[in-house]
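Next, two complexes with subunit A in common: one pairs it with subunit B, the other with subunit C.
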Partner chain A sequence: MSGGTVDRARAMAAPLGRPALAAAAFVVLAAAFFAVIGRNPLSMIGVVLEAAAGDSYAIGESLVRATPILLCALATALPARVGLISVGAEGQFYAGAIAGTGTVLSMLPTPGWTMLPLMLVTGALGGMALSLLAGLLRTGLQVNETISTLLTNYVAALLVTWLVYGPWKSPASQGWPATVEFPAAAKLPALFDSRVHAGLLIGIALAVVLHLVLTRSRWGLVLDVLRSNPRAGLVAGLDFRRNALIVMALGGALAGLAGIAETASIQGRLQSDIAGGAGFSGFLVAWLARNHCLRIIPLSLLVGALLASGDGLQMFAQVPSSVTLVIQGLLFVAVLLVNGWLDRKRPG
Partner chain B sequence: MKLHRLVRPLLAAALALGAHAAHSQTIGYIYVGPEKDYGYNTSHDLGRQYVEKTVSGTKTLHVENIPETAEVSRVMERMIKSGASIVFATSYGYLDYAIELGKKYPKVAFMHAGGLKTGDNVGTYWANSDDAIYLAGMAAGSVTKSGKLGFIAAFPIPQVVRSINAFTLGAQAMNPKVTTTVVWTGGWLEPAKEAEATNSLVDAGIDVIGEQVDSPITIAQTAEKRGIFVVGKDVDVSKFAPKSVLTGASWNWGPTMVKVVNEIKAGTWKPSHIRGDLKDGTVVLDPFGPAVTEPVRKTILAKKADILADKFEVWSGPMTAQDGKELLPAGKAMPMDMLESMGFFVKGVIGTIK
Partner chain C sequence: MHLQLRSIAKRFGAILAVDGVDLDVDGGEVLALLGENGAGKSTLMKLLYGVHRPDAGQVTIDGRATRIDSPRDAMASGIGMVFQQFSVIPALTVRENLALAHASTPWFTGRGARRATAGLAPLAAIAPDVPMDARVSSLSVGQMQLVELAKALQQDPRLLILDEPTAVLGDDEVRRLWSLIRGFATRGLAVVLITHKLADVAACADRVAVMRRGRVVASGAARDFDATRLLRTMVGERDLAAPSTAPLPADAPTRVWIRGLSARGPGSRIDGVDLRIARGEVLGIAGVSGHGQDVLADACAGVLSPDAGEVIVDGETLFAPRQRAPRAGRVAYIPEQPIRNAVAPDLPLALNLHLDRLHTLPAIPDRRRMEADARALLTRFDVRPADPTMAAGRLSGGNLQKLVAARELCGAPALVVASHPTMGLDLAASAFLYHQLFALAQAGSAVLWISEDLDDLLHHAHRIAVLHRGRIAGVVPADQRHRQTIGAWMTGHADAEAA
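Let's look at the complex of A and B:
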């Protein structure tokens, strides 16, 4: 291996140092919390690890939970590259789920091989449309994108509720508000003998591609200038509006993809509440990763694992669900602490 | 797996908790809300405790706050992988996930609360509260001065619609003019919305409120403050609102659960729809509060005796729909499917099913 390759590998690995440190800080904080509530920290952390990654089943479930979070984190990180703060991944998730479900329902009862690609594309377009709405409001009318994406989250979630209580309600569901079950042709290929689906691989691949594009391409540089020095961007003739719309559109598409992939492959039907906060978890992950696409990968896996382990912690350690919420909160505290500490040490 | 090897020794300590005890039967319980909600979930957890106490060699796992999405598949599967041979999936939206998982684990028995579908290894249990709610509605109809009742409910699903209609019919038996205004909260556990709904109903002149949300506790405590009355459901909360609670329809799941567990142990269990009611004691009419007068108590208890003796049937004609159309002619009993998929309100209910 040449020296250049090693350097490059080291450069690629550098952003992973923070997540590793944050994970260590998290274990310390969690141990302290367990001690405070009178439980043996070592055995409790053992239970968390067992529930999150103790066997192939637990690992699979952690990856299942991480998949939409990863895509939603990327959906947040992308607009942030031009300084836009979108909190709309949750709504874009639902918009994608709605659009993709519409495709599936319109192709029933004779699903062919075209169903899956068409479903994924329309799902991405659905998320894109909702995100573009906020983008256009921002670039056209100076409406704050944080507020508009926050509000469209409610609109999209309520639209799902309306659809599954009304026009899309399955006649076979006996009153339960959900669409018909998706056919096998609408499911992404599963990995191994688990519920993990190809959406995870798509998410990881997209994270790597986005990282390379954002750090290596001229376009990435354009975005950096627009974010860090809008005035210089203006002088250089860079088009903020155009680029803002592009990142909003791409971000929305990623969250929309998360929505339809989750709906088809994990839930198996569209119904209310299926996002389970993936959009908001994604926002936190993006923020913790400081919109760094590679750092998003381990952090979403960590958050996904922690969320997936919550029920195991309840089951095996007989703690109420509030304890699992505290543990999840401590992860964010840990990352904040580590980020703050490293930044003080090495300003800039 | 490196991590796996690392985790094992730690686990030995965790296992001291007994999660995988070899020779006992493990039963998993999943709740949609908090186990200590003083409502629906508490009623099931009381059942769990009863099973653990009554059936020797039984150990239970329980998990709260699990949404009615594919999340529950993970929880059920983890329970099974941890040795559970029976899973009580206690919320309506868990049904399809239980049936799906049942195909993957044919040796595990699933018991679902309230479902209308079974699988080769998925049975359901439920208890019909209608009779007790009708009786509680009688108390409401006798106490109201304004003739305006309220009902705070989570979702327009058949089980809830039945309660609203039974409550109204019971009240109308005491006072034919009463109306019931329905407020949907859109969630099983929305304490802020429940308190707000209670307050706005009181402001609109309503003086007795029935409910079917996760727990009557918020509504009862708010009603106590506002000086109006409530009819509870699922768990008796009169100790938290002694003046307001008129009576209520509470669950008593323990004996049903024990019966099923024993059948499964004995190998005689066949998946079916187990349905209890006031008669078999799965549903209990709670003790009357001080606002219910002695003559009214007598009338209600006489009606209860008629129900127990099959002399009175809540779901029988004449019955008129909200819009004035005839639902059932006099003397005709409601057909089973009409009852179980109820999607209409009776006359006197103000509100829509959306």
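Let's look at the complex of A and C:
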């Protein structure tokens, strides 16, 4: 066959690096998609770029979208370090939003400076609780964590809906199902005069810290062993259960933090559907980054920008915003293709 | 079939694993492929089976140049292989494993594999006693080996490659395998048998080829290679000092007491095992595999929590129901199947050498120090290549076994539990490992040594206990005079003791 030429092409492509190749494949795929829906690929790509990073407002919106994705990606990557596949960031996001909102509502008439830290901590605890549930089911009853986290996603989202239609509905909001507006004391500080809030910085800092802990510490080695061969870990006396619970708990806390930060600082109140798929985008980002915490940072920003450009597309090019979901999908397809191509029968 | 390999070469990074090999294999004959650990035997055969692709060289089958890019190509060319590391899926049943590997099974078979009958015939022919609907994880190692063999036979190969199939088998199983192999050759199959055991060569080889450092250094008719000549070609002029255990003083105090231990594993169990091992004693556990050896080993090493009983070391209960002290430093454990039970294959050797003492490292381990320690240990135990940054899964089968031995035998443990510790080792490495093991005993460790090789046990152990159906059938001093008694106990004839 053409093995020789393919090998040569692969050898020539290697120095370009995966990211560059994946980006090129992505642009080609996206252009093809625009052509298929009857739009001029070049001008559409121009619109996407414009809407994602054209001016400071666009950049700000991109960062706003990236923030929860970053935290949710970390929430997925952590359990993956012991080989657990959690798809529960979306549900943990909602659980965090609920718990944090509960704190805010209970302190409401007299918000003090303690509201913000308490809200963040309870939000993180909420996400942690939901994630721990899946962790306990896995370590105690051998229930597959992927299935249980998938199911708890629905439970948590429905719980939010029930709360905002029922007990927590604001009397002032008339028909609209939402809680009362959060006080200013519950908002994270904004960055450079935009909607971007300190959650982004927290996320980036956590990604760096996690990266250092996972790659440099003894605990990181323990997780590596448990992922590589749980049975060898057991024989060596390592405790899979305990470590699985710890990473599930930490991961859940991160997604919960994303949830309450988004609720308080972006939405300003709790309402349905606020996650907007951040949990799932986070899962895909973690997968793209191969659970590498540092790589998660730029990839979250990229995916956040893509999603943010959806609004621009809707406004300037009159296409449905769901087009951006297709584009997001194409990004993953592009990376899959490039990885598959480079890895196929790679010698050794 | 006539198979010709010419100038085959394969490099892994800095390592030239196969370095210009010429080899011929003919239908109707058994070729024994020998050579030290890491010589390149498995790699050469994996090249032939399409697992790796050669960097250079030609493969010719019946006069036609053949390119083998994948195991699928190899099967299509009539080549079947049983790997050194098992490839059956433990969580599935025997029937499901065979159905999945069978060419006629459609990819969408789903749970239908439960009832499948495809591909069962070879297993029924070679091992009618293996239960079809048992999970593979519950089989003994010998039975797993037969399932692997049946899997390879399904494709009706004309060339069958067996990578160290006798390493894990007991006497009877080995004899059964030998006669199977001779049978294949009589039916016209070509067989390549990789082995470290001279008995295998004597029993069934027509030709031998010896590899060293990626090259075939000697080959010829098996009858021209008697044991002495084989030994010399394999280990060179080095003298293999026979390892020996020091005699045990009559008043040696008990160091380890395995007290009324009962435990259950996936396939077998032990029931009220009571053994005392003296300071400096090597206690051999004999028995047909599948009678609870793995459970006994796991329970004595604290990996498996017992249902009853306890393991008392130096007067202190280490393991009991719901009680598990850390074993590091006190109990060394070489489990069977190291790739499954004792190493993290995609992590570096340095980390693997610290696996059981991770908790003793500082919170931020010093990598350079870990690697330096590892390098010293790798050199001492002759693990090749001695590169602490290499992933453990890239080691040859024997070197992997040495890696685990290096980790477990480097300290001064009170109890050593060793399951088939020389599995896959070449003659020099086996001798070295026994030296290490017996040196530990001499320094005061109590050694629990599980083996299927009764000759080795009789040679080196102080006493031998026989495990049958999870119970200790009896304990005798390791002496040739007791061979028959031991044999009787192993097959469940407790009353033949008088013989």
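Details
To be clear about the criterion, the second predicted complex is superposed on the first by the 313 of 348 C-alpha atoms of A that agree within 3 Å, B and C clash if a C-alpha of one lies under 4 Å from a C-alpha of the other, contacts with A are read in each partner's own complex, and residues count from 1 in each chain.
Everything below uses one rule, namely that a residue touches a chain if its C-beta (ideal position, glycine included) is under 8 Å from a C-beta of that chain, and two chains touch if they have at least 3 such contacts.
What you see is a predicted model; the values in this text were computed from it and never measured.
When the two complexes are overlaid on subunit A, subunit B and subunit C sit side by side with no clash.
Once chain A of one complex is fitted onto chain A of the other, the partner contacts of A:222 are limited to subunit C, with no touch recorded for subunit B.
Contact with subunit C, but none with subunit B, is seen for A:231 once the two complexes are overlaid on the shared chain.
When both complexes are overlaid on chain A, the residue A:45 reaches subunit B alone and has no touch with subunit C. Taking every C-alpha atom of subunit B against every C-alpha atom of subunit C, the smallest gap after superposition is 29 Å. Counting contacts by the rule stated earlier, no residue of subunit A appears in both its interface with subunit B and its interface with subunit C. Every residue of subunit C that touches subunit A in the complex is listed here, in rising order: 12-13, 52-53, 69, 301-303, 326-328, 333, 335, 340-347, 351, 354-356, 358-359, 361-365. Residues of subunit B that touch subunit A in their complex: 1, 3-4, 6-7, 10-11, 13-14, 16-17, 19, 28, 34-36, 61-71, 73-75, 77-79, 81-82, 92-93, 95-96, 100, 116-117, 155-158, 341, 343, 354. Of all residues in subunit A, those touching subunit B in their complex are 40, 42-47, 49-51, 53-58, 61, 64, 165-166, 173-178, 181, 195, 266-269, 271, 273-274, 276, 308, 311-312, 314-318, 320-321.
Note for the complex: subunit A touches subunit C at residues 3, 216-219, 221-222, 224-225, 228-229, 231-238, 345, 347-348.
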